[in-house]
Amino acid sequence: MTKTAPLLDVANLTLTIGGSGRTVVNDVSFQVFPGEIVGIVGESGSGKTLAARAVMGFIPPAVRLEGGTIRFDGQDVMAMSPKDLRSMRGSKVGMVFQEPMTSLNPSMLIGRQLDEGLALHRKLDAAGRRTLILDMLKRVGLRDPEGALTAYPHQFSGGMRQRIMLASVMLLKPALLLADEPTTALDAVVQRDVMELMVELTQANNTAVLLISHDLGMVARYCSRIVVMCQGDVVEQGLSEDILARPQHPYTRKLLSAMPHRLPARLLPEAKTPIVSVRDLVVEYPGRQGFFHKEQAKRALHGISIDVQPGEVVAVVGGSGSGKTTLGQSIAGLVRPAGGEIRFNGKPIAKSDAAFWDYRLNCQMVFQDPYSSLDPRMTIGQLVGEPLRLVSDMSPADRKARVAEVLTEVGLDDGFAERYPHELSGGQRQRIAIARAIVRRPSFVIADEPVSALDVTVRAQVLELFDELQKKHGFSCLFISHDLGVVEQVADRVIVMQDGRIVEQGPRDDIFDNPKHPYTQKLLAAVPGLESTSEGGVRLFWRRAENDKQITG
Amino acid sequence: MSSDSTLSTGGTVKKPSRVKLPAPNAIVGGTLIGILLVSAGIGALWTPYDPLKLSFREKLAAPSALHWLGTDEFGRDVLSRLMAGAATSVWISILTVTLAVVMGTTIGLFSGYMRGWTDRVIMAFNDALLAFPGILLALGLLAVVGANKYGIIVALGIAYTPSVARVVRGTVLSLREREFIAASRVMGNSEAFTMARHILPNCIAPLTVLATSMFGYVLLAESALSFLGLGVPPPAPTWGNMLAGSRPYIGQAVWLGIFPGLCISLTLLGINLLGDAVRDRLDPRMRGSR
Amino acid sequence: MFRFALTRIGMALPTLLIVAVSVFVLIRLIPGDPAQLMLGDLATPASLADLRARLGLDQSLPVQFGIWIGNVLSGDFGQSISSQQAVLPLILQRFWVSAQIVLVAVLLASCVAVPAGVIAAWKQDSALDLGLVATATLLLSIPTFWLGLLLLLFFGLKLEWLPVVGYVSIAENPWAGILYLVMPIMTLFLHEIGVILRMARASTLEVLRLDYITHARAKGLSERAVLWRHAFKNAFGPTWTLIGLVLGNLLGGIAVVETVFTIPGLGRLLVDAIFARDYPVIQGCMLFVAFTYVLVNLVIDLCYPVFDPRVTAQ
């Protein structure tokens, strides 16, 4: 692919927002050669999605093309007639989206949706198209392709829909596939399967891929070249190995160092009684009450037992539907358990009001979505100060001082107390949520996916802050996450859950280096691991897998 | 939403926020409603002529310098009657909306707070009342309470209560799913405190949107009832009964039919525009919806 | 699908029951002897006693309701005080008059407003969109009774194209019947265009933002195919629901239009009954309109899976 002409040649592309004139894509140039996989990496606001969509001629009405050219196969996309543009779309350039729940038309049969593109671009009769479609659906791993033709998208899981989406696009064997965060919305275990399927299909048809993602690890794993974007600029581009091993631009280095990494294992002092201990916890969700029947109650947790030692960070990992969130909510008292017992400092909390209240004041929670976890009508000062209302022996002055102290601890100074949540960024909001959780100096904090809604570099900062506060105040923590990288960085001990049961638990290093249960192995195999190198770069490896090959640099 | 999914990470660009000036619909709507409120205010205290004074010498006089908008079949000054009518209509509408909002909010909050069977039963009743078209329920209630000013307020107030209750209860239920409510419970706040401190204040935005548009519905319903002769009884002027009174004379005195209708229409237009603007402001996602 | 239909019908039953209870209670709230109310001032002691026995007034309220609902279900809505006719045939006869106006007006308005709303959304923020939305908002803001009066003034009195007031049954004289219906239908038609257009536009805007629309464009489909094949069907659901609500609301509020054009419809029947304190008719009209409203919305709901197959899957 050295001296051939580029398939896609984006040169000096500049896009601005119509009204304000703000530049959202600034002088961006990159090329994609036939059959190659190129990744664009960046955080939200980097302009990566806009730049990629512009390749197909999709520029939102509010955005203006300021300058630059996009050439596909030598032709200027921006100068194409609508008719030429349409004949290029689908047949030569395909596109896969992030959200499988909204990328297929909910009211159209899958068969028709797949047929549409073929009928438009290929001169085939209905029977010929049907054969092609069935063949493709089989290739993407659908068990019943015939049945899928007359099914609606909502009858499939997210992963399956993404496979159908891939089938729909690859049916036409386009020369270029634009994949915008194609696996971000999927469960970790499914992510890798879908990625591998995408690579396999595109390689078989010599389709080039432009992969847009926030996930540097994944991009590095599959792409030969990487384009790093930040705030509308391309800050660096080059071969994957080079970028990983010898990042040149400070932002790239920041991105790389923001990737979660393992810290040395901590030695915690042995304690006699665990701070929180959960015994045989069972949670059931009542079945929906219909008019003619009552559905069976659904058991979300099947007798979970957990001990959390003082000062210990215990991570709970699992895919969606594993029950990890329900576990956190029931320990926090948000979901009433159907059976089992929770003991705090050795005392069962359900037995006496005093024990319950002691627990209530000492157990706090950090939620996933900082846009939903802060009451939009309260100021930061009110939000952080609210938990102190229930602390009886505190004067208003003390409360004010404590709020200021905690705000400083989370890295936000006094000026923030008067502001409202909507004036803050996602990372700042999550700092507020953490401040609110620790303002009463609790001894136990439940963190439910506290960083999964955050951008990579922000996530690193918030994790660092969390770690710092945990060490400083010594609270125990139940850290719920689907992200094994994050877990590897923060956890002392790891609990792996599947279908409402604990399948494996143990010290972090044991779980990560020597997993016993097949589900744990599968989870670990799904995400690439990283190791820092001396030159400020990283080395990427698959933790354990059939194909245990390493990308080094 | 499953809390396991990763939230948005794509480099999407938000739509540019519009220039910070109020939207054109807010300006036009606000102006129209401003004019209405001012004329209603003046009309309550002072009108150019006594709106009830009969003057058979001047009956059905066309608009002139003396009577800007002409006179009606009894020689009463149309402008004075329109101003007095505005005062009556605005007053009735405000009281009705207040009544419906207070009752509806109470029911909605209670239902959303109790949940379970209480909620189901209350909402079953509520939805059944919603099964009466608003004006029909008002008509039925008027048959019971009697057609007069306070009858209208009670009838319309009750008729519009179910829709308020539904909106409030829906808001309460959706707020309950938000994480800040869970946070309040984890903090140790009682349910009642959570309700008062976190849920009620967050109901204000949707209630504002609803109350704005409801003001329009109520004003329209009041005019319609008056038009049917079931509203404020003559001779007290309302826009609706002025329109009804104009019908026999519409061939000879067009102004009698034009001006009251124009007043109602402009008021409703103002409310619709203002309602759109308020909604766009409070919930940009619903921009342009009904 | 079958279960979906069964569930929806099951959900409508309690609503109908509560509607019936409400109407029953409403009339019983009126102070005085129910039998006296039902018979009016001309009642003789004998007929009063007879009716009291038939209504079961000496028994408990639930039993009275049972007797009443039994009568209603067997088609006995009582007798009008003022005309001494049976209430149900009276209502049905008047309902037919109102229904033809409402149905034709809403059908025509939907045919115009739905495509216009979709196009306005497609051309969002263009001059066309602005013009359509402004027109819709204006039409929405004009009350039907004034719009009717204006039409009457213009087409009836000034141009003398159409008969001013009155009604002739289409069955008796088709041409004259139609002429008398033109203005009432046009009044409602113009008003509902505003309502439906705004809804169609809003729900189309919602849908046009979604990924599957971009996906359809990314397949190379023409804008026409994207709009009508992919966006329209998904956007039509909320509008469809709205049309059901509009039908019911019009039936409840048609009295004003019938008053403007002096048409002997259901709305006028109710209003006249309120004036005459003809309680059997009031009760019958309210029950009838509310039942119709529930049934219309039920039918609307049952058709909903056509636009969104997801609703059957809950």
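Each chain carries a letter (A, B and C) given by its place in the written order, and its residues are counted from 1.
Basically, a contact is a pair of C-beta atoms (placed from the backbone, for glycine too) under 8 Å apart; a residue touches a chain by one contact, two chains touch by 3 or more.
If you're wondering where the values come from, they're calculated on a predicted model, not measured in any experiment.
> Sort the other chains by how far their Cα centres are from that of subunit A and give me the top one.
Comparing chain centres, C lies farthest from subunit A.
> Considering A-C alongside B-C, which chain pair is linked by more C-beta pairs in contact?
By number of C-beta pairs in contact, B-C is the larger.
> For subunit A and subunit B, let me know how many angstrom lie between their CA-based centres, rounded off.
45
> Centroid of subunit B to centroid of subunit C, CA atoms only: how many Å?
For subunit B versus subunit C, the centre distance works out to 21 Å.
> In whole angstrom, how far does the Cα centroid of subunit A sit from the Cα centroid of subunit C?
Roughly 49 Å, centre to centre.
> For subunit A, give me the residues that contact two or more of the other chains.
Subunit A, residues with two or more chain partners: 98.
> Which bits of subunit A are touching subunit C when the two form their complex?
53, 56, 58, 61, 86-91, 93-95, 97-99, 102-108, 116-117, 120-121, 152, 154-155, 165, 168, 290-292
> Which residues of subunit A touch subunit B in their complex?
Going through subunit A, the ones touching subunit B are 17-20, 22, 24, 42-50, 60, 62-63, 98, 180-181, 184-185, 187, 212, 214, 229, 319-321, 324-325, 329, 332-334, 357, 360-361, 363-365, 367-369, 372-377, 386-387, 389-390, 433, 436, 448-449, 452-453, 455, 482.
> Contact residues on subunit B for subunit A in the complex?
My answer: residues 2-13, 15-16, 18-19, 178-180, 182-189, 197-198, 201-202.
> Which stretch or stretches of subunit C touch subunit A in the complex?
Against subunit A, subunit C makes touches at 6-7, 10-11, 124-125, 210-212, 214-222, 229-230, 233-234, 307-310, 313.
> Along subunit C, where are the residues that touch subunit B in the complex?
14-15, 17-19, 22-23, 26-27, 29-30, 133, 137-138, 140-143, 145-146, 149-150, 152-153, 157, 195, 198-199, 201-203, 205-206, 242, 248-249, 251-253, 255-256, 259-260, 270-271, 274-275, 277, 279, 282, 286, 289-290, 293-294, 297
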